[in-house]
């Protein structure tokens, strides 16, 4: 099968790292392509950036809508997830939702450990709308910005271990969901250190896209994700 | 005071009607300007349209951010509301939130009567995130599309009366929130026919913007609505 | 328009201060009258006092029901709010509800900072019934009793700044709702010190009463607030 | 033990019937006295009546606070329940709460079948604050007013059977909570006809008061129900 | 009346102590028999033990289903409660549910103080399904295992006082529900030391079983607790 | 990888059909073994049957705990799910949870269409504890018993299409979760007829087990699913 992984921000080094992380998990017969929009913010840590990136990402998905068996949105706030499902019939998996669903299979409660604290209200909204509030022990911010992570992975690892330990010890977390696509390359190292499941949404989303494909389900067009023919053409997203 | 009312869709006749409805309610010393973005969809009835319109609207607000005492987002899904509050210090009032808060002052429970049923999941999400689920008796769709309303107001009125009566009789609604900015001009006629408060978010938002201004509060920058200096410049919204 | 502000307790100095605070916010053409019942408790810090004051306040509103365009209940537990709406067709605004609705326009989450801790369960019930639990970050008590506040405003200010800072720093509050009508005169000083919106329900309620009046809505009589003609006469409230 | 059952309305024939129903259930060594306040409304079907009756009932309980081992509030909205618990150390049992707790012991979900539909919002608030929303399948109104019930018990029985059947068949109720103290005398006849548990709060409250007494617990004074010495004297309830 | 108290674990000394505690509270004309299954775990501190003990307990209740007027399940997780209600028409009272319902009559919020922390997720599930989450201030574990309690009651008392004080002081608990049947004998000593109601579910369950019996209600067979004739015979529980 | 699929009831023809359905979805290098316990009920439609089957299934999993990479519990109520996770380190996937998580990836809301109505309260509890109430539009029963389904698949198909259509048209379901393992063989036929995703938990669980295995996560032992060494030996499940 063919999966298009869209990093909604415009930082190409991050897109490359995300693609690599996804390919490391994908099955042999799964082909993973990772891209990012031509315009929009270089990282997503505010509502405003989330909304602009969502619009740019919709354009990217619309351009490729007939070419892939599934799409992955590679940002931990799942920007534009419901809208993307209106644009294509193929499954669209957000990495936040993916990691949370997978976490529920191996833990009673999980915590999200994420970047700077400005993203907490956005993530809290996202968790609530996904219906996951009851399974989410806490959302914990760190001192890391999205773009700092890949500049010093060793530092990021130390910070994430420390905050994740607090989630386990103080909040009752039994698994850790990584709250930024950029943290993905650290998942197995963190899991080894912490002794609890650590979930990178990118890896989870790829395996869930494969699961949907193998089991034979595509996005429902019966309600929230219906979009009348012709509406795509009038969305009016600029060329960027 | 000066209020900028932004219709997030690109239908200029609708922008003009919204401006008129707002001015009819505004105090004598309130100056209301109504505009719409240069790009984006002509109406908003899907998640995809909501997201694109939100990005376009953010650009519009960013351009005018120092020029007004308050901003109103004139679309019944409150697209981009939280993001807009990050871009300016002035109060930003969404018409959905405005009508719901005002409805709570005169009714124990309200219903939203809106356009075609594709908007129901979006409105349900919006109501839940606003914390209003408990006060919302129902969300009822009609056969009306956004753009049809102003083409035949008499027809729209008949349809809205009929559906609102069902909300009152079957769902226990005590007030009706109009679920589309285009329905605003009908609010008082509907209220007379139905005998319960009928709330157009545009009128509500203007009076609430005035209330914030008179009482002396502006958008909090302590948490969800903070945005570091410099981030606005890197949002990357295209010129359209 | 004419607004009757009812302080439900019998402390006349407090009634006078509340009236002054309301007039400071009211529009030029709004006439504000502040009164209190002839009987009942001198302050409201228990369920028992809340209930007795509610009955006394209902009598006061019943006596003046045809004479005002709106009523304000000036106690931070909104005693008798729903009952008062049954007695008159004019809008009735409780100051707790008023401050919470206004806070939602400028903040994602607010905290209530109030008097002694015996009021916390009452306020928690009130917040839940208003549907505001999701928007309320915390309710924090202080060492201040209702009647001590006006005896030493400087002391009250110091205590309120300290507790409000904890709400912002530890609970994620982005705005502060003052949990006692007697704290109203301090709202702008606190706002200056704290750097987040600080909301006195009295000021908020006056501007919301004006908003209802200007927009043209009155209390719904379709459900919870209906009361058959003749029932008012048989309420049986004693003369006091 | 000695139980004081307070009918919060002033209809003495109803007080007598309630007393009889309570004594029919009470243990041999339990002495039941039934009284009503000297002032207030003759029946309780609105928020306004609820609040006035609550104040009057508090006065009644305050007068007898040292004389009984437990108190029962015999009105299906539990008016003034929390306040009454502040006034005395003895257990205070509301009949709504009593019937709901007992229903949970024999049914997964119950419905409340009550008088005219104006009481539904009050009962919904009461159920929510008691934490029982999840166990309550529905609240169903009838054509019966409080005072009509005892005028024609045969008619009331027919109406209640019909509405209760709908609750069982359409709402999934497994037990019926009678939503008015005046319906108490019909409980066993209804139970026989319906084939599901039917709960009169008066009977339930008496047995629960006995259970508290036998087990040896009294009202907690650690939080919500604390009241400082001296506050009772300054409540200011008029003599009526 | 005759009550069968089933201790779902196989520790006979604990069964004897539970029987004694129940008889101490029972009315003169109540006959209490305490037994435990012939097989299953010696204590219940994991989901796995809960499920095995539930199956064994069902067999015990099935054997005695015609012989008693009520059944009590004497384990603080209420294992098999709903299933037991399918097997017999007589009321079946779980001690956790019993203590929580009784606590609601004398406190606005209670905390559960229990054994080792592995039981917290199970108790949190149980509280949620009982609809009690809103009334439950916290669930606090201690260092005590089920079987250690009766080996050193003085030590258990010290540990429970300490943890209960934290629940009252830090979590706002107004009453303490003992989270293990083995703690029952300490209830009155703890209540004296703490000054708030302390509830042993065994005592509560016995008085509630008597209340159901006296008031005349048995388990509803209209929904969740129905079981077709013949199904009991095909349950397939082994002889053990 | 090796997956053990446990049908918790004792009907071997059903076990065989479940095994076939699972193998049809499994990857080439996945080996699926399907078994059922030696004792317990032939089908699970009551709480009592659920509990007995759970105990029997725990014994089965305990016997094979070191031999498989993942376990699937093939009954739509997920009996014993949390307990099974305590017994083994390998992922344990319940088919109800599996289908619900997968449904969330392709639909905003799903409905469960199941067997006879006695299972509805159990499924409602299961949905609530899984945190899925918000995503579940309805649970609809049919006239089908578990054992009737495989006796007349054509009849079952007609009944399921009809009830599923009601879920889509009346309840707003966008996907259908099949509420019995025996319905699995019909999933693709139903999906073709209904035009919305139809999810058999067996197929979903196998792909999710593969996803966990490929991504490299196993059951967390940090909280709810911890079990001290030695406790397995003292569970006391009889040989059957």
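By written order: A, B, C, D, E and F. Residues from 1 in each chain.
Methods note: contacts are C-beta pairs under 8 Å (C-beta built on N, C-alpha and C of every residue); 3 or more make two chains touch, one makes a residue touch a chain.
Predicted, not measured: the structure shown is a model, and the values here were computed from it.
**Student:** Check C-D against D-E and say which one is joined by more contacting C-beta pairs.
**Tutor:** Between C-D and D-E, the larger count of C-beta pairs in contact belongs to D-E.
**Student:** Pick same or different for copies subunit A and subunit F, depending on whether their interface residues overlap by over half.
**Tutor:** Since more than half of the residue numbers are used by both chains, the interface counts as same.
**Student:** CA centre of subunit D versus CA centre of subunit E: separation in Å?
**Tutor:** Distance between chain centres: 27 Å.
**Student:** Roughly how far is subunit B from subunit E, going centre to centre by Cα mean, in whole Å?
**Tutor:** 52
**Student:** CA centre of subunit A versus CA centre of subunit C: separation in Å?
**Tutor:** 44
**Student:** What are the residue numbers in subunit D that touch two or more other chains?
**Tutor:** Each of 82, 85, 108-109, 121, 172, 223-224 in subunit D touches at least two other chains.
**Student:** Could you pull out which subunit F residues touch subunit A in their complex?
**Tutor:** Counting only subunit F, the residues touching subunit A are 25, 27, 82, 85, 91, 93, 97-98, 101-102, 104-109, 130-135, 168, 172-175, 188, 191, 195-197, 199, 203-204, 207-208, 210-212, 214-225.
**Student:** Along subunit C, where are the residues that touch subunit D in the complex?
**Tutor:** So the residues of subunit C touching subunit D come out as 10, 39-42, 45-52, 54-56, 58, 80, 82-87, 118, 121-122, 125, 128-129, 223-224, 226-227, 231-232, 234-240.
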